[in-house]
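First chain written, first letter: the chains are A, B, C and D, and each begins at residue 1.
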């Protein structure tokens, strides 16, 4: 098969940049696509070429197949990397690429058909003899039927988008009273995220762990796994912290789950990078949850302990190369990833888009920042609030935790609110440190994770704030004697002005 | 031996920050010292405590033992980490620490005596049966004697500071006419750097490689080596790019040199981290050059391929722990470090201190930025021009080179001139890529390394500059109608003003 | 000079006196205690603060009335002002002290659903509008039981931060 | 509007015409060729520039007359100005065109050695003063053969960038 010379990355933000970095190292030219809201985005400047594909809402830009393919033709790209989300798990797009004679870097459409629709996936896995979580075999048409089914199997239940994963269009229902609103939210989120509002129901397992297996397959049927990732630190079914190896897995379990994951991938003729997600219950039984037929956000932790570049592998497999390994490498050391979101944990994780006035990222040994932003960038409010992924490596889990805390203590983002302190709260929490935390961890411990106040630091902050205000006012008095009159909002606007002028 | 609870870092810049990072991960409190020129430096903010030790010149601050010890007592530090340079190889300081009852994190004074004075070191090594470069056994008193000796053994010769390494107080003399000025420069630099202007002479080997072996010893006589670093990419005897493994070493040579290095360390009763530097000639004979009795600038490349934290090891050895390894680990993959200097390669590497108006550091897989600066920081003109060390890792050397190029392409420093492009020129140069480059490489290839011009990029720059000027002038016309009158220097000052206000 | 600093979540603003003491030094007095603070302001809204030897790297981030102060990973939200400005402030905040409650957009986004009609009686905690930002839906609930007296929120419209959506009385 | 851009190392400034073309677009004409450039200025002296599909992340850094333009790792030093400013410039630079050569401090630092005396005859390339900055000693050599007619440099004194050290005529 021919070498790939130019790749269009059909995505935005950190993952677009991350893919382009590997392309650059491989000497492959890159093409960015952007919506009107992303003209100033980092991925546009990182690429060799960039094309506008429509208005801010993803449905009108990043999700419009024709626009993406048009850009690819204009640029003369011979391959498309979909990243994650958007069109990455859309089989019809894969077919459209084939028709256009452009290599889609990912699994064949058939494998996506088999796995993309979560409900069909469940049926396929049952056929393949893979254990699955009890639930409906099909999406449910009406809220009434859905509610009836929920009553039948009994709450808590999970509402899940059939069209895709990543926590979008997912809702846990604890009380039947909340069913309607949860249903509405799940469907509308699903439509936004995947352009498909089909939702189905699963029984909710108590205190489950979310453990996933990275699989990789070439075009010749060689399929291996690259060990697991522990992703139980979730909020709203959105992963927040991931690590590998999983602190709860024995070598035996790892081998068994890896074997099942490979079986699942082979059952659908999988090619490229994929992830088989499992729920592990308190008795350490594991159930197939879904297969993500694309690169995962959290792939860096796997890269840290294997020394591989998964994006480079994806490209090589798409070029028709054979897998360089024939079996899972033994994990080297430990890696933890934390996701940095533009959101305010203190205000119910309210998204906090806006201008990043100052940014200082951590440095030093064994850490990695996969960012999609830069100082002076304005985070738009149309897309996922994740602005960066910070990952660390260390020989042992204990050291990795200390390193993650150190790295987070160096992360400074100003102008918008982020969850940096919350993340530090998570990796410092005794339950996380002990290693046996289930998917209810973040919700249960919400209060503690906000972090408790250190009176010494509060006093320091108090003193500093007075010095700050004093110097600001002195300076203002000097540089803009007139503004005292302009303080329409009781001087606040004047403060802002002076801070801007600085 | 007792655990260390608080460490004073008797240094500045990136190495002070790097040491403090490890301390933080180990739960050890940190104390910074700073000169009047460093009040705003990053290491001051990174530390838990900070104390002023004197005026800008290092002779009046960082090199004043009493001041450092006074700060340590005030802070209640139980140990001092010297970093590299400054007091790190000063035996009298080690004794002063002992007297003060403060643990010095480094070798015992006796080992420094034996190795610190380069001339004594040579004698000791000859005793220990280690091959050395021909030269004077002692420092030379007068310029006349020195010149006479140079004439005797014949140019080219090396003038070297007896008091310390790191390229300071070192001059190569090609023509006897240049002898006096080289001698003067070497002595005065030596005095500045080590407070000792003793200089001796060595025969200069043609086309030598600089290959060094990292050694480590605990307090119980266990001494191992951690493989080599290739440091032949030098300018003015200042390392610019380092890598490991060395592309010219066979496993046999590695073993042999490692053995000799361990012998050298044992011969002087060495403890802690040290580096034995060798010159390797065209016939692959190697000669002892000197031993650096401290942490090296380039230690990160060794950390990348061993997974170790050498600073953590230094601290544990100082606490009396045994070495965790009993022999050299096999290097895992390949690592390259480039040193980012505030200097202008196009103007004879003129130092370029000043304010860093904007900084964007590279991110993504397998790279590490050890920086001592931050956006908005003013680089003072009193100290070493190195502002950061960028290192990368990859499974193979070829991939590491591509990654280094990619990382450098993301490094943006504005306000001061840096050698970033020059570094990219080095790692892209065929001779470097081929792997067999000697210490004359950078000087020989100076012109090529400036990089050649790409007309397409020049045209892009031309267009961009006009857009920039146009928008700037439009904005100025709007916001400061009056400044047209203030352009004292023909509008230049006005440009500056407007850019400042922005 | 006297400043008043109100920590987030606290009712009372505490007085702090400050006077310059040369170089970057300031003498601060806060409930009885006096501190000599060496505070070097860096040019990106940060201060390197030394309080007899202890080093604090402080980052400031002004957001409306508050300045967010980041010290060693802890963010403290402080509303600090001199007497004159404090008086001005008092005027503006008096309003919300009454029974009327304004529900404003907590972030820029899009109103995807309005769950009430003008004149509706609502319970405390009842959902009023759903605002979507960054693909997350956020249901804004009523802070009190009462009646919807204003309803500027329209489904499908984009809203700026702090835009008035609902008023409950 | 017409600008003149002089690339470092070139004698002649080339004329470039620019006119806005809506949004972030500009029509530029440079020796016969016309470009439609989509140039979005970011707020830290950078421009994201698209020239029919090709993306250039451009970073600007003003240093004196010149603006240093960083594009894909290549730094181009350009002196760009409109006609009025260009005329002003001419006046200031005329001076060095004469036989007099001013040797100025290339960076802030300290004069550690003055190697000549007032009135000395010097050869081209002869060392005049040694300036130390960042622990590196830099010997400044005479650009031409001539006579030392001014010598403001004093050993042991600190000097700012561009400070006049020696004048050779």
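Everything that follows uses one rule, which is that a residue touches a chain if its C-beta (ideal position, glycine included) is under 8 Å from a C-beta of that chain, and two chains touch if they have at least 3 such contacts.
Keep in mind it's a predicted model, so treat the numbers as computed, not measured.
Enquirer: Check A-D, B-C or B-D against A-C and flag the pair whose interface repeats it, over half of the contact pairs matching by residue number.
Expert: Going through A-D, B-C or B-D one by one, only B-D repeats the A-C interface.
Enquirer: Of the pairs A-D and B-D, which shows more C-beta pairs in contact?
Expert: The greater number of contacts lies at B-D.
Enquirer: Centroid of subunit B to centroid of subunit C, CA atoms only: how many Å?
Expert: Distance between chain centres, rounded to whole Å: 46 Å.
Enquirer: Per the centroid of Cα atoms for each chain, what is the distance between subunit B and subunit D, given in Å?
Expert: Computed from C-alpha means, the inter-chain centre distance equals 30 Å.
Enquirer: Among all residues of subunit A, which ones touch two or more of the remaining chains?
Expert: 358, 375, 409
Enquirer: For subunit D, jot down the residues that touch at least 2 other chains.
Expert: Within subunit D, the residues that touch at least two other chains are 43-44, 46.
Enquirer: Where do chains touch, given as pairs?
Expert: All touching pairs, sorted by chain label, are A-B, A-C, A-D, B-C, B-D.
Enquirer: Hey, which residues of subunit D end up touching subunit B in the complex?
Expert: Touching subunit B: residues 1, 3, 5, 7, 14, 16, 18, 26, 28, 30, 35, 37, 39, 41, 43-47, 49, 51, 56, 58-65, 67-76, 78, 80-82, 84-85, 88-89, 91-92, 106-109, 112-113, 127, 130, 132-139 of subunit D.
Enquirer: If you look only at subunit B, which of its residues touch subunit C in the complex?
Expert: Touch residues, subunit B against subunit C: 32, 39-40, 44-51, 74-75, 375-377.
Enquirer: Once bound in the complex, which stretches of subunit D touch subunit A?
Expert: Its residues touching subunit A are 24, 40, 42-44, 46, 48, 50, 53-55, 57.
Enquirer: What part of subunit A is in contact with subunit C in the complex they form?
Expert: Interface residues on the subunit A side: 168, 181, 184-185, 188-189, 192-193, 236, 342-343, 347-354, 357-358, 381-385, 408-409, 412, 414-415, 417, 420-421, 424, 451, 453-454, 457-471, 473, 487, 489-492, 495-496, 499, 502.
Enquirer: Using the touch definition up top, name the residues of subunit B that touch subunit A in the complex.
Expert: 17-18, 21-22, 24-27, 300, 303, 307-309, 332-333, 358, 360-361, 363-371, 374-375, 395, 399, 402-403, 405-406, 409, 501
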